[in-house]
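The structures considered in this document are given below.
You will see subunit A twice below: alongside subunit B first, and alongside subunit C after that.
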Partner chain A sequence: MSNLASRRDHDLYILIGLTLVLAAVFAVVFGESMYSARNLRSMAYQMPEFGLLALGMMLAFLIGGIDLSIVAVANTSGIMTALVLTGVWLPGLSGYGVVAAAVATGLTAAVAFGLFNGFLIAKLSASPIIATLGTMTFYSGIGMALTGGKGITGLPSAFTSFGTAEMLGVPVIFVCFVAVAAALSAFLSRTALGRRMYLYGENPLAARFSAIDVERIGFWVYGVIGLLAGMSGHIVISRVNSAKVGYGDAYQLQALLVCVIGGIHPQGGRGKTLGVVCAVILMQMLSSAFTILRFSPYAKKLIWGSMLIVMLGLEYLSAKQNVRRELRQKIVH
Partner chain B sequence: MSNLVLQAKALSKKFVGVQALDKVSLDIEAGTIHCLAGENGSGKSTFVKTISGIYQPDEGEIVLNGNVYAALTPAHAMREGVQVIYQDLSLFPYMSLAENIALNRLRLDGVKIVDWKEVWRVAKEQTEKIGVDVDLNATAIETSMAGRQIAAICRALSQDARLLFMDEPTAALTRQEVDRLLKVVCELKNNGLSVVFISHKLDEIFRISDNITIFRDGKKVGDFESARLDEKSLAYHMTGRDVRYPRYRREAEAAAAPLLAVKGLSKQGHYHDVSFEIRRGDILGLIGLLGSGRTELAMSLFGLNPPDTGVVAFEGKTARISSPVEAKRLGIALLPEDRGSQGLFRERGIRENITSTLLDRLAVGLRAIDAHREREIAEEGVKKLRIRAPGVETPVGTLSGGNAQKVVVAKWSAANPKLFIMDSPTVGIDIGSKAEIYEMVQSFAKGHMAVLFITDELEELMCNCNRVLVMANHRIIAALDEGDMEQPGAERRIADLIGGSARKEEERGVRI
Partner chain C sequence: MSEGAIQRRRVSATEGILACVVLLYCVMVAAVNPAFLSVETLFDIVRSSSTAVIVGMGLLLVMLSGGIDVSFMSIALFGSYVAAYLMIRLKIDSLAFAFAVSIGLGTTLGLVNALLVNWLNLPPFIITLGTQNLFHGVMTTFISDKTFGAGVMPSVLSKFGSATLFTLKTRQGVMGLTVAVIPMCLSILLTWFIVYRTMTGRGVVAMGNSPESARRAGFNLLKLRLFTYGYIGALAAVMGVVYISQVNAVYPNKLVGNELMIIAGAVIGGVKDTGGRGKILGVILGIAIIYLLNSTLIFLGLSSSWNNFFVGTLLVASVAVTSWQNRRKNRKNLLFME
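Up next is the complex of A and B:
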């Protein structure tokens, strides 16, 4: 009996196939300009900051929520780190001490931001979309208050070297992203807590009635999302050597889009990490193609937006198809 | 003779391998009350949905007022005067009764802007037609169940109903309210309307119906004039056999200390001053109508509805059950009233549903789940509860009601609870699964589990419970111990207690 689980794997194979086909098509169309070592490396540098945000969004989707504040968390957490790095906060530290203190400050703030989202959503039962829309503005507001909207530049090289470091020709930040994705994948598919997250996402009420502590899970999941966003924020500032409110606003929509393409069901309870990783690669290739074709940033936004709408439409159609297919199978057996 | 409102000719309908309707033919005359009787899943509801245009029959034809249809849409059916009142009534809770009654009529007339005078006129006209007095200003949610029923009937009448289906209209009503509703139904009949009444309750069926059609396993067993049947023969035709369930008697020693002792438990608006004790090996029945406070009490004992005052002691120690997690830690399980939304993860397989309560036992912290052990537990549950499914990975959403309910029982019994609270465990499941669930519950109790068995069916209460609490109007109004239950008139006594409480409410002047 082919059941739902294997059908979902089926979708994943389609996605992997699609990615490979696109890679082949791009090889023919763009040739060197897409697959030069330089372009590959620059793709590997760009993927992590946005890939980590997408993983965060995936976690929110899995438990049937959404997090619209991830980019705000990333930026504001980066700003706090930058403030310590430049000696505005905690002056008197030096060398690696300042880097450690800065990263600790930034990531702690990011987790705190995430947990505050979790508190609103899981403990106060606020609607995730409204709560994180509110905290998005709130967290950006904090960043704005701290910087007055100006960029903080002149970060010490002890910190920025991390963003450009390479291991055997592969950017360290890319290795970090792959490691995080692998860890999340194992966590979600193998541990009891991962299973509980899926159950919670599928039916929060039944999860409560099954003595699953949904409040606690929701609270901490948003905390982890905050951590992922914070990591992304650190990668950004170490790469561009400045921290500023409003960086990477387009990532918010792209993270949503990647989750939908990656087969993470917005209603919760369905999807795999591998799908998201695949979709991140797919998006990065498209994004590079747009750059090679010299699309304006406005045109890019337009394309991402329309893609999201088209994907949701496809999702709807395929769900309808699947219902029919299942019915037919059941009648046969 | 074309006095027939409805002629169904050899209707068949098949779902996912189940023949829900098998060549059912049925005639309904104008101005009669016709009862459809049958077990859950016998095809009554499918029949109603086919006539009202929700399902299209695979074979057969439907003749309404002389017009022949191979299949109907809901719009067609309504145009022919078919109206259905479902059990949930489908009223808008925060709109007044007047609006609820009149809005469909106005929509039918193509009115785009609401004229409040017209709303009132339509609503008044309908209530006067059946001679009842309800507060049309009140919102549906402030109105009693009986009042809502009346509103739903008026809504149907306002749309020129000629054939009115009522699905289990009395399930949530007290006896007095039932009497009044049945009077209204007779009034409808005198006005020339045909009413098709679907009910489980045999005495009601006999009181009002002219004709009875019995369904079993998707087939029509036969049409009977109600005068020619009695309760016994009706039950026999419905089930196809003489159903006798074994009666449960507690075997554990009598003097054991109570497992759970509840004292003076109250929650504003839910239940008041509830006290009782339950020992290991007890199946304590809690009977009461929908809305008597029984479900709210069950939720409180499972940590989902914190009480205002009162004391709960579990195994002799005072317990503050503040969450389901805490309840489970103590050894309390709850089979919820609504298994679809509260008990099951419908898209997930049987395996993941059964182990949803056991994950802490299958993996510690960040260690991987023991997949082999998990599968074993699931297979054991399927075997023990005789869940009929292609495999342990079958999504539970595709199972029948009875098998799905067994999954919920399996998921909690695998956690080895000391106290198992079962809220309406046999609602909407077939008679075979029912018997198997009774057997399971009794074997749990023989294995020294305590069971709190919540139901509104007297028959299952009598066969499964060795002690009984009767709940009405948010209070426990009587407690019957083992001796009382052995008395010959125990069943009658419980029925009277439930009915009696309704009468008292009547005297206090509760209007519908």
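Up next is the complex of A and C:
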């Protein structure tokens, strides 16, 4: 067992090493344009919105599922918040009251969306891919029906100042992201419920017969994913000062990619939050590099797609290596 | 045992319910807006859904085998774009050339998917999501990302796109049924033949039910995967050529992203993503419902922004009902596999 734990950390060290090497290479290649205070700050502003989505995807992966609806949840909850903020819904409020009501509405909707996913997957045993594919269409359909595809602009500054606020030179939203990641990490590795989630992902049947209430865990985990997606949606609308269907569609693939790079096994039960955070930083550096190099969106597609395939290939090779090592150890002992 | 009996029945409960839904919906739309009941509407829906049915047949085979493919629209775009690009560049004006190039490329890309799925042994959804982006990126980065409008389209493709099988004189004018129904019917017949009359087809269904049992029964899983993913690649390529002919232009960014509607159609039609369950009629009805919804919301006085809402509702409802039924059945047999 101790071998198992140390080997997994081994993969994590490789990832951290890779991130540092890439950071050093970029320092040589791009120099000032990558590490200027302005670029670092803009990276810190971009990371939270998709980092939170990636953390949500990580939770789904850990319990052996997948959530394709996260971007739709983020968008639609953002749209609902924007509708309250602009006074279309609940008119008559003003000042910070409207902000509080709007955020409450948006986050409640996001959690409800997430719990509905959880209901379909855990209580009705729908397959996660198909269930969240359906709810993705459904939730984005709600957003589309509410807005007719148009953007909602003119959000009050009491709300948008949150997206641009800084604390000692560090964006508040970045601090939020780090706090959420740290809390999730502590929860997953230090609490009984967190460990049960790993067991659930590793083998749902064994977990069920070990008196772990897998249905309840699954139900609530998808609710938490909804909450994370909702937070991401709020960060997006406060940062860009508008809400629109279809914003951040590219994050779907990137969130999956980050989880795979971060060592979260797509079939569940394996991976650490730190790996995902590392992978988010790695992706953000690559993203910034592509922007500096003025890559077309098509070239980015090519790179993200091939990276996903290559990472899956490496995952396969390392799994094969591990099986061999285990066999060898069994023979020796 | 009862499952076997259901399998043998030609039209099972799912298709029956779907047919009723289609009929009821049509009656409702016609009651609200009698203009809906016309040959024009019918021909229009057939024209727009013919491409979806062609590739839907390939998806059926992949999903029967327990896999899934989200890269087929990328493959369709790749095949048809390269075919049209070559025809425009080399001034070749032949429909056979277009189909040959497209199908050749489509099958190759499908085989790439199959090899990756077989080799990596990871969820095919994630793998094909990767190849979806990879194929699209390769095409736009290394071949071309220009748009070719109606002016430069090879005339044979434009003609194929607007050609009609027969025409009817109605009050609104002369209406024709698109020739795209020919590849559509061919793909349906071919798929029926493969699934119900060949050993490979039965092997695909067997693999979908239990890969391990299929392997022990003597089926080569690699060959079956090569066949299913190659088949959807080929059909996607056919669909791509039909599509660019119908819109009479080649865009480097169309099609990709529309795969969800086809998958939704198959799932509504009762195809299980866990493999081994699914019928041709179900897929056709599922796709028909989606295209019917998409093209009739206007008759009901709703804007097209409601499309996703209704398709999503239908999809979620059908997923909820079928998985709940399945779960109840499994619990009765003390199965807790999901």
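A few notes on this one:
Basically, the second predicted complex is superposed on the first by the 331 of 333 C-alpha atoms of A that agree within 3 Å, B and C clash if a C-alpha of one lies under 4 Å from a C-alpha of the other, contacts with A are read in each partner's own complex, and residues count from 1 in each chain.
FYI, a residue touches a chain if its C-beta (ideal position, glycine included) is under 8 Å from a C-beta of that chain, and two chains touch if they have at least 3 such contacts.
What you see is a predicted model; the values in this text were computed from it and never measured.
Taken together in the superposed arrangement on subunit A, subunit B and subunit C fit without clashing. In the superposed model, A:L168 lies in contact with neither subunit B nor subunit C. The superposition-derived angle at subunit A (between subunit B and subunit C) is 70°, Cα centres, a multiple of 10. After overlaying the two complexes on the shared chain, residue contacts for A:D213 are found with subunit B alone; subunit C is out of touch. In the superposition on chain A, A:A37 makes contact with neither subunit B nor subunit C.
Touch criterion met: A:R196 reaches subunit B, while subunit C stays clear of it. Look at A:L205: by the touch rule set out above, it reaches both subunit B and subunit C.
In the superposition on chain A, contact of A:A126 is made with subunit C only, not with subunit B. In the superposition on chain A, contact of A:V28 is made with neither subunit B nor subunit C.
Once the two structures are overlaid, the count of subunit A residues touched is higher for C than for its counterpart among subunit B and subunit C.
After superposing both complexes on chain A, the closest C-alpha pair between subunit B and subunit C lies 5 Å apart. Common to the subunit B and subunit C interfaces on subunit A are residues 205, 208-209.
Remark: subunit C residues 68, 116, 119-123, 125-127, 129-138, 140-141, 145, 252, 260, 263-264, 267, 273-274, 303, 305-313, 315-316, 319-320, 323-324, 326-327, 330, 336-338 touch subunit A in the complex. By the touch criterion stated above, subunit B contacts subunit A in their complex at residues 14, 16-17, 302, 304, 323-325, 327-328, 334, 336, 341-349, 352, 356-357, 359-360, 362-363, 365-369, 390-391, 393-395, 398, 411.
Partner subunit C is touched in their complex by these residues of subunit A: 66, 120, 124-127, 129-131, 133-142, 144-145, 147-149, 204-205, 208-209, 253, 256, 260, 266-267, 296, 298-306, 308-309, 312-313, 315-316. Interface residues of subunit A facing subunit B in the complex, by the touch rule stated above, are 1, 3-5, 186-187, 190-193, 195-196, 198-199, 202-203, 205-213, 269-270, 326-327, 330-331, 333.
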